[in-house]
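What follows are several structures.
Note that chain A is present in both complexes that follow, paired respectively with chain B and with chain C.
Now for the complex of A and B:
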C-alpha cells in the first residue's frame, strides 16, 4: 500500500504536492492584507498623513476621546467622526516592543552563553526544560501576575508621592504602565529567544572556539567574537520571532499597560517608566464590541493593517540581514 | 590488514600480538594507504615528493626553545596517564615529529604545550614545560598562546572572510581597533609565509569557508603565523587533506622551519620522515625513543620502535 503510494510519487509530483500548500498560504496572506487594507481605507482617506500624527485631532480630544466619539457616529458616520491621530498608540506599540526585544536579546544571548559554556551539566539539565516550558506559558498568566503582583508593587514601592504630584494634571500614575509592560513582555518573549539562541550556540563547531583560544584570546572574547558572531543570523531570527509576538500581544498588555492612549514622555525622566500607554493590539482587542460603528471599525482595521505590515517588514528585513550574514559563512 | 605484514622478527608471546593488534588503527590506515598514490611504492627507492623537501640528515643545532620536563597528563580517574613522564627538547629551527599509534598521547602532549589541555575537564598535569627558560605556568595564558601557536587536525577557519581570519588575532590583541589598511601588510606577510597569497590575493573578502580543504588548512597556518609565534604546533595537519594539499603543506613546513620551531604530530611515517629533523616515538603514553629522523627510522634502538617503524618500511 505504502509502496504503491511511494512508487508514482515522482520528484515532479512531490514538488507539486508540497508546493500547493505553500502557494495557498501565500495567497491567503495576500488576500488578508488586501482585505484589511480595503477595510482600513476610509480612515486613511479622511485623515491623510495626519493619521500617524500626535496631538488633538481637528475635532479635539485625546486618542481615547477620539475613539470614544467614533462609537457615537453609528453605521453612517459623518466624515468628522473618522478624525484620529493615532501616534500615542503607535508609539506605545513601538516602545514596548523595541525595549523588550532589546533587553531580550541581551539577556537571551548571555543566558545562552551561560547554558552552553558555563553551566554544569546538572544545572543545565534543569534550566533548559524550564526555559522551554516558560516559552509556552499563555500570556494571560503573565498579565494576571502583573496585575496581582507587579502593579501593586510598583505603585506602593517605586512611585513616590512627589512623582505622582508632579504629573497629576497630565496623567495619573497608579502602577500599570511602561515599566510593568516591558518587564512582562520581556519575560514573555525571552524564553523562546533563549531556546533558539542556545540551539544555535550549541551547533557552533568546537573547533572554532578552540581555534580562537589557541590564538591567545580570552574565553569571553572567543565566545563573543567567534561563536556569537557566527550565530548572528539565528539571533536575528529569534529577535524577529519575538518581535512578532510582542507586536501582537493584546490581552496581557491590556491588563498591565494602564490602557491609556497616552504617549509616555521621555523628557519626564524616571517618571517616563511609570506612565501608562496602550499599544495597537490591545486597543483592537478592547474595542471589538463597538465594531458596528463604521468609523471605529475602519480605524481598528487600520491598526491591524499597521501591525501586519510591520510583521512583513520585519520578516523581509530579517531575510535580507540573514542572507548577507550567511554569505560570509555565519549560520 | 591490506598492508603486507613483513615482520623481520617475531615479537615474544601474547604481548607482541597485542601490540600488533593495537596499531596501526583502522581509521588511520586509510591515510597511510592513500599516501603512496603520490609516492612510489617501494620505500627504499621512493623518490621524495619534491626536491626541496629532500635533505640530508641535519642535526638540530639551534638553541633550545622549549623543554618538556617529566610531563605527565592524567584524564579524570584513568589509572594510567595519557602522557607518562615525557622529557623532550624542542630546538630553534627544527621540526620535531611526534609519531605513534592512535591513542598514545600525541595530541594530549601537543595540547599541553600551549595549555589548551586545561580546557578539557578533568585533565591534570604534572611536570614542567619551559619556554625560553621560563615555566609556561608563569606566563600569561594569552601571551603564551601567541608565542606557541597551533594548527589543528581539522581545518577550522572562522566563518569570516579570508582577511578577517588572518587579522583575527591581530585585532583581538590590540586595544584600539586597527584599520584594514594598517593590518594589510601583516596579513599579506602571513598569507605569503603560508603559501596562500597568490591564490587568494585577488579577493581577500571571500568567505574562508568557500576555500578548498587544503587552502583552508593553509589559511589556518597563516592565521597561526600572523601572531609571529616562536613555536608552531601542528596536530596531524594533513590527515583531513588530499595528497596534493599534503605535499604543499609539507613543503611549507620545510620552508617555515628556518624561522621557528615546529612540533608536528603525524600518523604518517613517510611524512615524519620527509619533514622532521627529530622524531619522538610514543607508545601508550610513554616516550619510547627520540632521535634524529634518519637514525630513528634506519637504526631504531628500542624493539617497539623497530616494530612500529618496520610495520611500514618492511
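Now for the complex of A and C:
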C-alpha cells in the first residue's frame, strides 16, 4: 500500500486519496454535532427549553442538588429525574466570558498599539515573544497559580470579615470566585487577541496613517481614528475567537471559580466580585465520572450542545458584522 | 514601525528613557515636552495606558515564569522524574511523576500521528484540487468549527462515540458488556482534532505561498499532480508543516479537559490485555496536565509540591515546542506566521 504511494498515481486517484481526509474532517464535525444533539435530546424532551431558565426546578433544590439527585437516578431514571434549571451555570458562563472579553478588548488594542506604534525596537523584541509565551502556557498552569497564589491572596487580603459574615447564610466566601476567574481568563484570552490585532494593525497601509499625520493630527489620534477604526473587523474576529475559548474553558475555571452552582448577584455590591460560580464547561468536566447515570449524561450533553451552538452563533455573528464593516470600507 | 514624521516618540511613564536618540537623552526629553504640550489630556492618558499595558504584560509573564521556575526547582528532583507515582495522600510517599511524563509523550505522539495525515491531506486537497468548490469551502469552514469548539465538548463527544459497542476495540470492556471508552487511543484520537486546525492552516498557507509557475514547470515536464506534490510541493512546505505540527503538539501537551474525560484517570499507565504496545495504547493512564489538576487543591490529591514540579516539567515541554515553532518559522522561506 505505502509502496504504491511512491509510484506514479493518476490525477484522479491522487484527488481521491487526498480528498478522503478532507471529507473525513467534514464527517467528524457533522458527527460531533449529531452525536451531541442526540445525547442531549432527553433533557430537551423532558424540560422543553425551560431548563435554560431560572428558579427552582419542579423537584426543588439548587442546581447542584438537582445534578446530585440525577446521579442517584441510575441507568433508567424516572422522567422527574431530568428536571433541572441551569440558569446559574449559564449565567456564570456568560458573566465570566463577557467580562473577560470586555477587559481583553481594551487591553489587547492598547497592547497592539504599543507593539506596533509606541515601543522602541528593543522593548518590542521583548514584548512580542512574551505575548507568544503567555499564549502557550497551558490552562492548567494558570489554574494552579490561581488556586495556590491568587485565591489565598484574595481570601486573606481582599475579603473582609464583615463581608464574609453578611452573606454567610447564603454563600461561603473563601477566595475562589468571579474576581480570580475573570483575571485569569483575561490573561488567557488576551494573547490570542493581541496576536490577531497586531497583525491587522501592521497591515494598515502606511499612507492612510501618514495622510492623517499630514493633516496635523498627533500620532495617537492618527492611530486611534485611522488605524484602529480600519481594523475593526479584525478586532471583532479576535473577540469572537477569544470568547469561544473563554466559553469553553473548563479546567482552569473549575479550579478557581469556587465550583458552586451559584449565580453571583450584582446587587451585592463589592461582594459580587468574590462570589463563587461554576460555568457550564467546568460542570461538564467535573461530572463526567458519573456519566453512567442516564439523566446526568443527557444533561451534560445538553450543556455541551449549548456551548457548541453558542460558539457557532458567535462565529456566524462575527461573519455578518465583519461583512457589514467591510462594506463601510474597513479592512 | 518608526515614524520619521515626528521629532520624538510620545512616551509617557516608565519607559520614556528607553531607546537612545542621536541627540542625547536631555535633548530628546526637551523635544518630547514641546511635542506633548500640544496633546490633549485624553490622548496622553491613552499613550500612558498603552505603555502600562505593554510593560504590564512583560511583568506578568516574568512573574509567572519566575514563580514557576522557583517552585519547580524547589520541588523537582531527578528522583521525582524517574519514579512511578504511588496512590498515597502523604506527599512524601506519593512517588514521582514518571508515568505522567510518559503519558504526555504517548499522548503527543498518538495525537500527532493521527492529525498529521488528516490535516496535511486535507490541506493538499483543498489547495491543489479543491473541486467541487463548495466542498473545499465546507472543509475549510468545518476546520474553523473544530478550532472554535471547546475541548471539553470534543472530549464529551469522544466519550459518546467510543462508548459505542462498535468502538470496543479501542478501549476496555467491562464484564457487563459496557464499553469503557477511555484509553490513550481514544483520548489521542480526540486530541488529534485539537491539533488539526493549526497543522491544516500552516500547511495551507505554505502551499498558497508557493508560486504557481513552480507547479506549471513540473506539469510542463510531464509530471502528474501526485508526483508534483511529492517532488516539488511537499519539500517546500515542510517547514510550514513543521511549524503547524509543533504548535499542535504544544496544544496537545497542554490540554487537560480531554485527558480528564477520556484517559480514565488512573495514576499509573495501566496496559489493557497482554500485547505490549497495543495494550498500553488501549489502556488508561495519566498525563502531566491531569496530574497537576488532580494534585492541586481542586483535585483529591492535595499535593501542591508535586503539582508544582509536574507543572514546571509541563511548562518546559510546552515552551520547548514553542521554541521549535519559532526556529521552524525562521527557516521557513515563506515566513508563514502562525497565529
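The working rule: the second predicted complex is superposed on the first by the 304 of 331 C-alpha atoms of A that agree within 3 Å, B and C clash if a C-alpha of one lies under 4 Å from a C-alpha of the other, contacts with A are read in each partner's own complex, and residues count from 1 in each chain.
Please note the rule applied: a residue touches a chain if its C-beta (ideal position, glycine included) is under 8 Å from a C-beta of that chain, and two chains touch if they have at least 3 such contacts.
Predicted model only: the values in this text are computed from it and were never measured.
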Inset, instruction - Figure out whether A:270 sits in contact with chain B (first) or chain C (second), or with both, or with neither. - result: neither
Inset, instruction - Go through the superposed model and pick first if A:212 touches only chain B, second if only chain C, both, or neither. - result: first
Inset, instruction - Would you sort A:102 into first (chain B), second (chain C), both or neither based on which partner it touches? - result: neither
Inset, instruction - Quick one: classify A:247 as touching chain B (first), chain C (second), both or neither. - result: second
Legend entry - First, second, both or neither for A:328, with chain B first and chain C second: first
Inset, instruction - Have a look at where A:309 lands relative to chain B and chain C in the superposition and call it first, second, both or neither. - result: neither
Inset, instruction - Examine A:221 and indicate which partner it touches, taking first as chain B and second as chain C; both and neither are also allowed. - result: both
Inset, instruction - For A:119, decide between first (touching chain B), second (touching chain C), both and neither. - result: second
Inset, instruction - May I ask you to decide whether A:137 touches chain B, chain C, both, or neither, giving the answer as first, second, both or neither? - result: second
Inset, instruction - Please tell me which partner, chain B or chain C, touches more residues of chain A. - result: C
Legend entry - Contacts on chain A seen with chain B and repeated with chain C across the two complexes: 210, 213, 218, 221
Inset, instruction - Show which residues of chain A lie in contact with chain C when the two form their complex. - result: 8-11, 13-15, 17-26, 28-32, 35-36, 39, 107, 110-111, 113-123, 126-127, 129-134, 136-141, 143-145, 147-149, 187, 190, 192, 195-196, 199, 202, 206, 210, 213, 218-221, 224, 241, 244-245, 247-251, 254-255, 259, 281, 284-285, 288-289, 291-292, 300-301, 304, 307-308, 311-312, 314-315
Legend entry - Complex interface listing, chain C residues touching chain A: 1, 3, 5-6, 9-11, 15, 18-19, 38-39, 43, 46-47, 49-51, 53-54, 57-58, 60-62, 64-65, 67-68, 117-122, 124-126, 128-129, 135-136, 138-139, 142-146, 148-157, 159-161, 178, 193, 196, 224-227, 229, 250, 253-257, 260-261, 265, 289, 292-293, 296-298, 304, 307-308, 311, 314-315, 318-319, 321-322, 326, 337, 339
Legend entry - Contact set on chain A toward chain B in their complex: 205, 207-208, 210-218, 221, 225-226, 229-230, 327-331
Legend entry - chain B residues within the chain A interface of the complex: 114, 116, 119, 141-146, 149-150, 152, 154, 156-161, 168-169, 172-173, 207-210, 220, 223-224, 227
